[in-house]
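Got a structure for you, questions after.
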């Protein structure tokens, strides 16, 4: 079943085409890596899907509904959750409250014990359960990243958008992170992950899409895509990021 | 539950006090209740969301003016109801048009709003009705006003406590921290802010309405005095605007201090007041309650 | 024609008043509620120098400007700097803290002025004769204030846009966070910006003292007007402040002559609020 | 001093009663003071008015009384005045509380009124409840008769808007009849209590006097630039310019008129026109400017008062409400001397007694002072009274006003 259909979506900033006529589809329960050099439009594409930005043209059909240009909270309630490239947590709230937010206001909108149960479960999955009552502002960087993922999970999303969530982790943490995403994918959540760490992409994503200068230049089976000439050319142009 | 009982007991005690108080002490009580109500109502929206509103006096003055206009044509409870409705209507209108402003722009807008309302009322009264001052001759004793004000203060604090336990409270706190995250969590930003802003503004309008019979004579310059907006903000922030009892903790000592200074240093009190203010900002940056918490934490640590 | 000339002259006063505030907030990020009090202090200073030392106001202004700079420098170093340091990494914190601290400062300065000068109206008569400008009679002292405004404003624009120091100021104004990366001492620049803003406030106050009656309680009015213009012009935007000042002067004069003088202030605020809603970054501000 | 037989008798009778009471008191404390309290604006928008008209007169009076050994009691003994003063911060809420404090905590013997119409109205119900007499001096209101009836111990001593407007209409009508000016008037007013009261009085009374208002605009409180307004007034073809304005506006208009060379034959400004500082504002060219109020400049009592005020406050008083403020205090002192400090008796005496003051003999009519100057004019460096023209001490107006 097609969960997400991005249909010739574009976004311009003045004269700059940040996302240019991008189209792809995703089946429910699949996981896709979104690659490309810096400034190629990956984060902008995620912002369009999550509603943070409105597309200049095109349709984003999710579960049969066109969500292009809808308000962020409406899209969130439709079942799309995300993490941010630069971590965003709510520092004055506790961990539990941070995570309860999407459980309460998100896709399934629980309240009371049920919301708390879901939030605790999400904290459990990300290894933060023992600090549920602590203030989020006191967390270190890695734990903030975990908290962000926990928050995305507590939304019980159908589609999860991860924006370089694995960046900045040390090798042990990276392995844990990969396992975590693997288990999520196994539980039926559809995932798009923007990622620079090829090891993770190879391990997690059977399918890959590559963007360059706003356009989708490749989309298909990961190993095939990564050996695609256009993709290699795109990366060589910006080698230090690869 | 015990806390609730203590709070209720305190409320009853406060309600009985005027039976023993002198006129002047009653005046002080009214003043304190007024500012506790204002600061708590203000914090209901601004304390949680960090949107610093200087529109307090726009609503406060509107409440007073409503009483001044209607006090001879309607029974008192109906006048209060009208004031509440007008305040709510105005808040909705303002909220719908402004809540996408943030930070300093919101502060300035709300300040300008108070001035605009004052100018428009002045112009209307001068050009259309041909008068400016209005009289409020209501048969209310200082005690009546105190009880009403106490009730409003209790409602403001009670409502805040209740909201803090609801989804609305959680949403407001999330908005105060990061609106982007709040929206991505599924919170309808505009609606959430609008509800809280309207509740807060309605309460503030009522405070103005209840306070006005004490002035007898009302004109825009008197009721739209921007100092009220500033004092409200300062009191709430002093105590800790994002805490339930913060506004109360800030309002009472500050109010008494104002009174004490103006009684004992009528000529130089602004200087003392200003210096004290600056001192508070430097010593208690997050409000008195947070300062107490810090102190407790420090002693606790030492104890261990 | 009358409307145009009178409006521009009035606008000049407004713009001059706003220049300092836009620098203070734009560069040092200090929302200075005591701005009007500083302006008044300079106005009283001018009257004092004129009446007791017999100094002509135009000479007095030359003395008052550096005194303003020094005052600003001291204020920033001892009062604002600790707040700025405390607020690093906490968005919005400095705004709240500076509003609170300068609110306190407002009371202190007002109290000092009340003790020193009393609550009476103060006014001097200086160059009060009319001058014919394009067929409209304008007071010479207002024209001088207008000229001071133009000189100060254009000077600032030139300084900010074509000097190295101006480039640094603008860098700090735009991205205080990344300015240190290119070796800029943000603290120093902020202090300079704040001090320069204070100096401008002083010059504005001194010019106003030449033609307007004022009393120790008028500070808030000055702050309000300046604030409106700063926001309309785009925070930290000197050219914007000039343009917004003139625009406001024209609008007030226009409303007064064609509609109803009773609506001038209401019109000011209405336009101001409309600008805020329509373009929160100001008429001439950049979209962030 | 003219004392009717009735008041003499009453004074005697109450004097006896008071002597007995005081006798008891004196035994208790020989040098007891009279506590007098007031709350006025020392900060905020009202501070300027209070600082010019109210506070210096209170201070002068207390100084004068205490220098003479204190307030004279009916038994001839003297008690020094002890002052308790508060700042109402120009806020009625604070003012009301200060009055409550004075009455119930400080338990002062007398309360002097605050500055301003709104302030006096705000405390009137309280003063009435506590029983203090309230001589509201700096309150201009057409509703004075109504208020005097509502609060029996309140006294309204500065007339109403209609009075001043009628007075001005009289002056202008006479000048039109004499052919010195045309009947056209350019009128501006401040959109605030005082300006509105006056302009509402002026419109009908000008019409009745056959004067035509060709320019009639209000401007908001806080306006600082009058160039546009004055330019239009100048273009209106009226010989008379009338402004019902507040001090900063009166000053601003004067300066604007001077700089633009606007020389109407009658130049009338509102509050502030009779302030001593006005001459300085007008750069010494105030000759012929009309304003509200006035004093009988030839009277020795007024001359003496001006000298003492200048001595005490460092500046001469304004020529409108200052002298009346001082006179109201003299009335109070004389009433105390006749009947003592009992509020009821004091109130009765103020209502019915005749008092000798710096503005002449004063007797209130229905608790209002009606024998007032409505229009004054700067002549030869003094602000003299020109209307009512039949009142003792009135001077003929100079019309047209000499050019700036």
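Going by the order they are written in, the chains are A, B, C and D; count residues from 1 in each one.
Note that in this section a contact is a pair of C-beta atoms (placed from the backbone, for glycine too) under 8 Å apart; a residue touches a chain by one contact, two chains touch by 3 or more.
Being a predicted model, the structure only gives us computed values, none of them experimental.
K.L.:
Among the remaining chains, which ones contact both subunit C and subunit D?
P.N.:
Where subunit C and subunit D share a partner, that partner set is B.
K.L.:
Which chain's mean C-alpha position is the greatest distance from subunit B's?
P.N.:
The chain farthest from subunit B, judged by C-alpha centres, is A.
K.L.:
In angstrom, rounded to a whole number, how far apart do the mean CA points of subunit B and subunit C lie?
P.N.:
A distance of 31 Å separates the two centres.
K.L.:
Using Cα averages as centroids, what's the distance between subunit A and subunit C in whole Å?
P.N.:
Their C-alpha centroids are separated by 47 Å.
K.L.:
What's the distance between the Cα centroids of subunit B and subunit D, rounded to whole Å?
P.N.:
Chain centroid spacing, subunit B to subunit D, equals 37 Å.
K.L.:
Per the centroid of Cα atoms for each chain, what is the distance between subunit A and subunit D, given in Å?
P.N.:
76
K.L.:
Name the residues of subunit B that each touch 2 or more other chains.
P.N.:
Expected reply: 119, 122-123, 126-127, 267, 269-270.
K.L.:
At least two partner chains per residue is the criterion; list those residues in subunit C.
P.N.:
Answer for subunit C, listing residues that touch two or more other chains: 110-111, 114, 260, 262-263, 265-266.
K.L.:
What pattern do the touching chains form: line, ring, star, complete or other?
P.N.:
Looks like something else, not a line, ring, star or complete graph.
K.L.:
Hey, which chains are touching each other here?
P.N.:
Those chain pairs satisfying the definition are A-B, B-C, B-D, C-D.
K.L.:
Looking at the complex, which residues from subunit B come into contact with subunit D?
P.N.:
22-28, 30-31, 34, 119, 122-123, 125-127, 130-133, 135, 142, 211, 214-217, 219, 221-222, 225, 227, 259, 262-263, 266-267, 269-270
K.L.:
In their shared complex, at which residues does subunit D touch subunit C?
P.N.:
Counting only subunit D, the residues touching subunit C are 42-45, 47-48, 50-52, 188, 191, 217-220, 222-225, 227-229, 231-232, 247-248, 251-252, 255-256, 258-261, 272, 275, 277, 280-283, 315.
K.L.:
For a test of understanding, state which residues of subunit C touch subunit B in their complex under the given definition.
P.N.:
25, 31, 79, 82-83, 86, 92, 95-97, 99-101, 103-112, 114-115, 220, 224, 227-228, 231, 235, 260, 262-263, 265-266, 269-270, 272-273, 276-277, 280
K.L.:
Sort out for me which residues of subunit B touch subunit A in the complex.
P.N.:
The contact residues of subunit B facing subunit A are 167, 170-171, 173-174, 176-178, 180-189, 242.
K.L.:
Given the complex with subunit B, which residues does subunit D contribute to the contact?
P.N.:
Touching subunit B: residues 42-45, 85-87, 89-94, 96-97, 100-101, 103-105, 117-118, 121-122, 124-125, 130, 191-193, 196, 200, 218, 220-221 of subunit D.
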